[in-house]
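In what follows, structures are represented as structure tokens.
Each of the two complexes below includes subunit A, the first together with subunit B, the second together with subunit C.
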Partner chain A sequence: MEILQLTVSGLANGCIYGLIALGFVLIYKATEQVNFAQGDMMMLGAFLAVGLGNADWLGMPFLVACAGAVAGMAAVGWSMERLVLRRIFGQSQVTVVILTIALGFVLRFVAGLVWGHEPLSLENPLAGSNARFAGLVLGLDEVAVIVVTLLLTGLLFVFFNRSRLGIAMQASSQNQLAAYYMGIPVRRIHGLTWALAGAIAAIAGILFATKGSIDPSAGLLGIKAFAAAVIGGFGSLPGALLGGLLVGLSEPFAARFIAAGYSQIIPYALLIVVLLLRPQGLFSQVMGKKV
Partner chain B sequence: MRFRFKEHYDQDIRLFADLADGLRYGSLLLGAVLLPFVLDDFLLGEATSVVIWAIAGMGLMLLTGHAGQVSLGHAAFLALGCYVNAILMNSFGLPFPLAFLLAGVISGLCGVAVAIPALRLHGLYLAIATLALSMLTEDIIVLAEPWTGGVIGLTAPTPEIAGLVIDRYAAPDLFYWLCLGVAVLVTLGYRNLLRSPLGRAFIAIRDSEISAQAAGISLARTKAAAFGLSCMVTGWAGALMGHFFYSFNHEVFTIILSIQLLLMIVIGGLGSIHGAWYGAVIVGLIPQAINLVRDAVGTVAVPGLETSLFSVLIVLFVLYEPHGLHGRLTKWKVWLDLFPFCRRDMFRRQKSYLRTERFR
Partner chain C sequence: MSSGALLEVRNLESYYGPVMALRGVSLDVPEGSVVTVLGANGAGKTTLLRTISGVLDPEKGSVALAGEAIAGVDPDVIVTRGVVHVPEGREVFPLLSVASNLRLGAYTRSDDAIEDDLGLVLGYFPVLKERLAQPAGTLSGGEQQMLVIGRALMARPRIMLLDEPSLGLSPRLVSAILATVRRLNREQGVSMLLVEQNARQALDIADYGYVLELGRVVLDGPADRLRQSADIREFYLGGQAAGGRGERRWKRRKTWR
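== the complex of A and B ==
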């Protein structure tokens, strides 16, 4: 029973990591850029929801606040691409890494300035209610996290592989110049991708804030989610979810069966092992070029 | 307007381009040596910290700026140098010069040990692996409590060279000169390295691994050498940092430190020794500038202002001056040297398009 309970809490945490990792992968898959500010975007999304929904702030109804946060973060993501990243279009990935790290610091500062550095929790209708299932006590918020993550991953997977826009996104990352020749508006696609990633970050943030509390440094969680994305195979959507779940599950079990201090180490140790044995990740996206 | 004719092949690799150049750097060094007679103890401490940052920056610059291997994990090697130096002096009773040297050498060897598996990774994935290394450092320090003192940390003993006690608080000028001496030696060594075949191999690898290989450069050996040398210098910076902080624990060597180090050399200008120094000066000056503004305006402290100002600077530099402060100054110098013949598009970047690394 204890193992099951650990599994469920690990799954719920893993889904949050998976959701942030989805944001990473989405941007990587569509623009070949790596967004190190994804964790901070998640944090900002959660704070937007808190600012709109909590009684101390604007006090809107929960769902309206969520929709507002998602829309707001989509706007933030779009404007980050439009105002900053578009100027270094076509430059190496490392430049983008440095730029997004810096942007992440700025977002953290803004959040700290507006919402303060005290941990805040998002008031929501699910808080405190439990579902009992075959002797297991599940928090409804944990169930919600798992369900929303699975839905979102499935939707994005279908979107990328079936829809016209999704395929255009993949093309524009594989070869920007060739995509231009095929008539794909690469820059506009980049903007759209960043808006989508911002929206996903907001959803992850809302789920995170319903489960626990949020403070400006919560964005550092992004690094763990980043590890998850790499473990799963950078560029693969199901891989991101799987990596997130692996990381999420490894933590409570390591804390329970090895020692408390080791739960922090496990994700990164896992990452290093995967990078050494299978650098392309579990769901490899590296393909040989056809000549 | 100035002409510089090349009359001899040695001119390309001379330490100083001409007499004026040598005099400039000489007077700069003289000014740096005389600094303790001008500044008070607090500002001298800040200057010392700038010098230590410059050493660490040169360590990372060698790896990232010249060999082209991006590392987000250099805080790990700062920590390694810092702890090894303190442990060797505390537990093994080694004299400071020996412990200091060994701290660098051990960090360098660990750097080579990291490089060997890292040879399989490149670009983004190398950055990720070093990032993981950096995240692990903090926890490993806590777990390795018997040596590192865990959460409580260690205190660095007072260094002593040939009977001269260099106490960071009682004799800040001596400590400053110690750091400056190390920094000057590292700078000279770095400059010399760049003139050697190994240094040119680093640059060749950075610019194109394939053409470097075609020119007969062993990728594995050169990358391992880059990691080793870079981590050695970083380890020395870490050892000095330990003495500078006096007492330290795992919280000093976070991922933020790694990131700050990387951002610092980007601001300074990747691919130049100058860049490491400029970056260190900027990092040292920002808090002072904020203090000045705060005194003038009289507002209360805003947490995180320093980092975010720094980040905004980074964004501006990456967008408008990708070669950093050094690049900007070089451009001004070229403009002056060529006046009035400098053309606007002289430094224009070529338009480039990105292709995925997932298809090979």
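== the complex of A and C ==
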């Protein structure tokens, strides 16, 4: 039964890595920019929920605080594209990487200024309660993380495959030039993609903060999520989620069956193995243009 | 200087950085006609279409659609005005289904005739009907060319800008595709500005033609007259000069220079 507990806690962490990885891939597919502030956006989203919901702060009802944090981070993502990234569009990947790392520092600084550097946890209705299931004790918060991630994945799937905007987002990420020629407003779509990545980051942050606590450096988790995105094949949304789950699962098992410290390096060991054996990632999609 | 044509291009100059790719191009596409622009590689044909569709801003000159200036307007706005550009190289959305590709052609529309128009497009390109659920990246080159023309038709344009639809296709496929372009023009009333290197086949379906060289129009006239023109025959149709062709190219000067 221990295996099952390890699995649930690994999956719960993996969901969070997966959601951050999803943000990386979303933005990369739409704009070919790698946003190294994605982890810090997750962190800020968590703090926004704390600021709106915790009793010491604004004390709004939990769900209202969550909705506010998601909307707030969508606005932050949209503004980052509009005010910064759009201006350097077309510049080298290195410029984008340095700039987004710098933006991440800014977000960390702002969070530290407003919420301080002590770890805070997000007050929520599930905190501390356990689910007993066939003689097994599971943290309700961990179960909730998995359920919310599943729901969000389903929602995103429907959005990308059924809605006009979702299909246009896919189209402009597959062939920006053609999208442009068909009258799809590509720039607005870039902005909306950053907004969506911000909203997903906020959800990841809320889930992260319900499970544990949040401090301004929590965004460094983004590096693990980046590894997860690469493992999944940087161009694939399902790949990002699965990569996240794989990394999440690897950690508790490595700690349990190898030695405690190994959970720290197993994600990167996985990354190296995948890059050596299958450099395009595990779940990459191939595109073809016939001549 | 208005000629009353649907599309009027006047003294258009476009640059890529310091490179001047269009050096004062003027042309007309009268409503309901097929006009072709011929020219060798690098003549500026693609640049001309990009400037008309708003992907590239001109340095000087004007583009008017039905008398209204559109030079420098954003491409998505130009599409809603009725100009749709089918770029060279069959730019499909490779992972999306053929059906999604076609529906995306109607992205700027909000009327309820979109599904009817899908049927209309499939009527012109029946091969696409069997492939509706297939990712567009898996189609053959000819099918992809039909798809991008069909997708452009879904925008219900007044004028279509076609950039070398024959590139890399077999002569039989080229005839079939150009014949469909002509049918779309006659039956759907879509005016066509057709850019081609394949002069013979383009002139067969066009009403009027222009020859572009190094960013300038060097010759223009009704298609049947251009077909007879000695220069066109020699330099673009590879006609009479067969045999010692390479040599004669050097000796004979083009009369339009």
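Note that the second predicted complex is superposed on the first by the 282 of 291 C-alpha atoms of A that agree within 3 Å, B and C clash if a C-alpha of one lies under 4 Å from a C-alpha of the other, contacts with A are read in each partner's own complex, and residues count from 1 in each chain.
What we mean here is this: a residue touches a chain if its C-beta (ideal position, glycine included) is under 8 Å from a C-beta of that chain, and two chains touch if they have at least 3 such contacts.
All values derive from a computational prediction rather than experimental measurement.
Peer 1: Let me test your reading of the model: by the given contact rule, A:Ile184 touches which partner, first (subunit B), second (subunit C), both or neither?
Peer 2: After superposition on chain A, A:Ile184 lies in contact with subunit C alone.
Peer 1: Residues of subunit A touched by subunit B versus by subunit C: which partner has the larger set?
Peer 2: B
Peer 1: Now for A:Ala168: first (subunit B), second (subunit C), both, or neither, which partner does it touch?
Peer 2: Touch status of A:Ala168: second partner only.
Peer 1: Quick one: is A:Ile272 in contact with subunit B, with subunit C, with both, or with neither? Answer first, second, both or neither.
Peer 2: first
Peer 1: Which partner does A:Leu99 reach: the first (subunit B), the second (subunit C), both, or neither?
Peer 2: In the superposition, A:Leu99 contacts subunit B only.
Peer 1: Looking at the overlay, what does A:Ala227 touch: subunit B (first), subunit C (second), both, or neither?
Peer 2: Touch partner of A:Ala227: subunit B, not subunit C.
Peer 1: Using the superposition described at the top, list the residues of subunit A that contact subunit B and also contact subunit C.
Peer 2: Shared contact residues on subunit A (touching subunit B in one complex, subunit C in the other): 174-175, 177, 180, 285, 287-289.
Peer 1: Quick check on the complex: what are the subunit C residues that touch subunit A?
Peer 2: My answer: residues 53, 55, 75-76, 78-80, 84-87, 89-96, 100-101, 103-105, 107-108, 137-141, 144, 148, 151-152, 155, 168.
Peer 1: Spell out the residues on subunit A that touch subunit C in their complex, using ranges where they run on.
Peer 2: Those residues of subunit A that touch subunit C are 164, 167-168, 170-171, 174-175, 177-185, 285, 287-291.
Peer 1: For a test of understanding, state which residues of subunit B touch subunit A in their complex under the given definition.
Peer 2: Touch residues, subunit B against subunit A: 70, 117, 120-121, 123-125, 127-129, 131-133, 135-136, 139-140, 142-143, 255, 259, 262-263, 266, 302-305, 307-308, 310-312, 314-315, 318-319, 322, 351-360.
Peer 1: Where on subunit A does subunit B make contact in their complex?
Peer 2: 32, 34, 84, 87-88, 90-95, 97-99, 101-106, 108-109, 112-113, 117, 173-177, 180, 216, 220, 223, 226-227, 230, 235, 261-262, 264-265, 268-269, 271-272, 275-276, 279, 285-289
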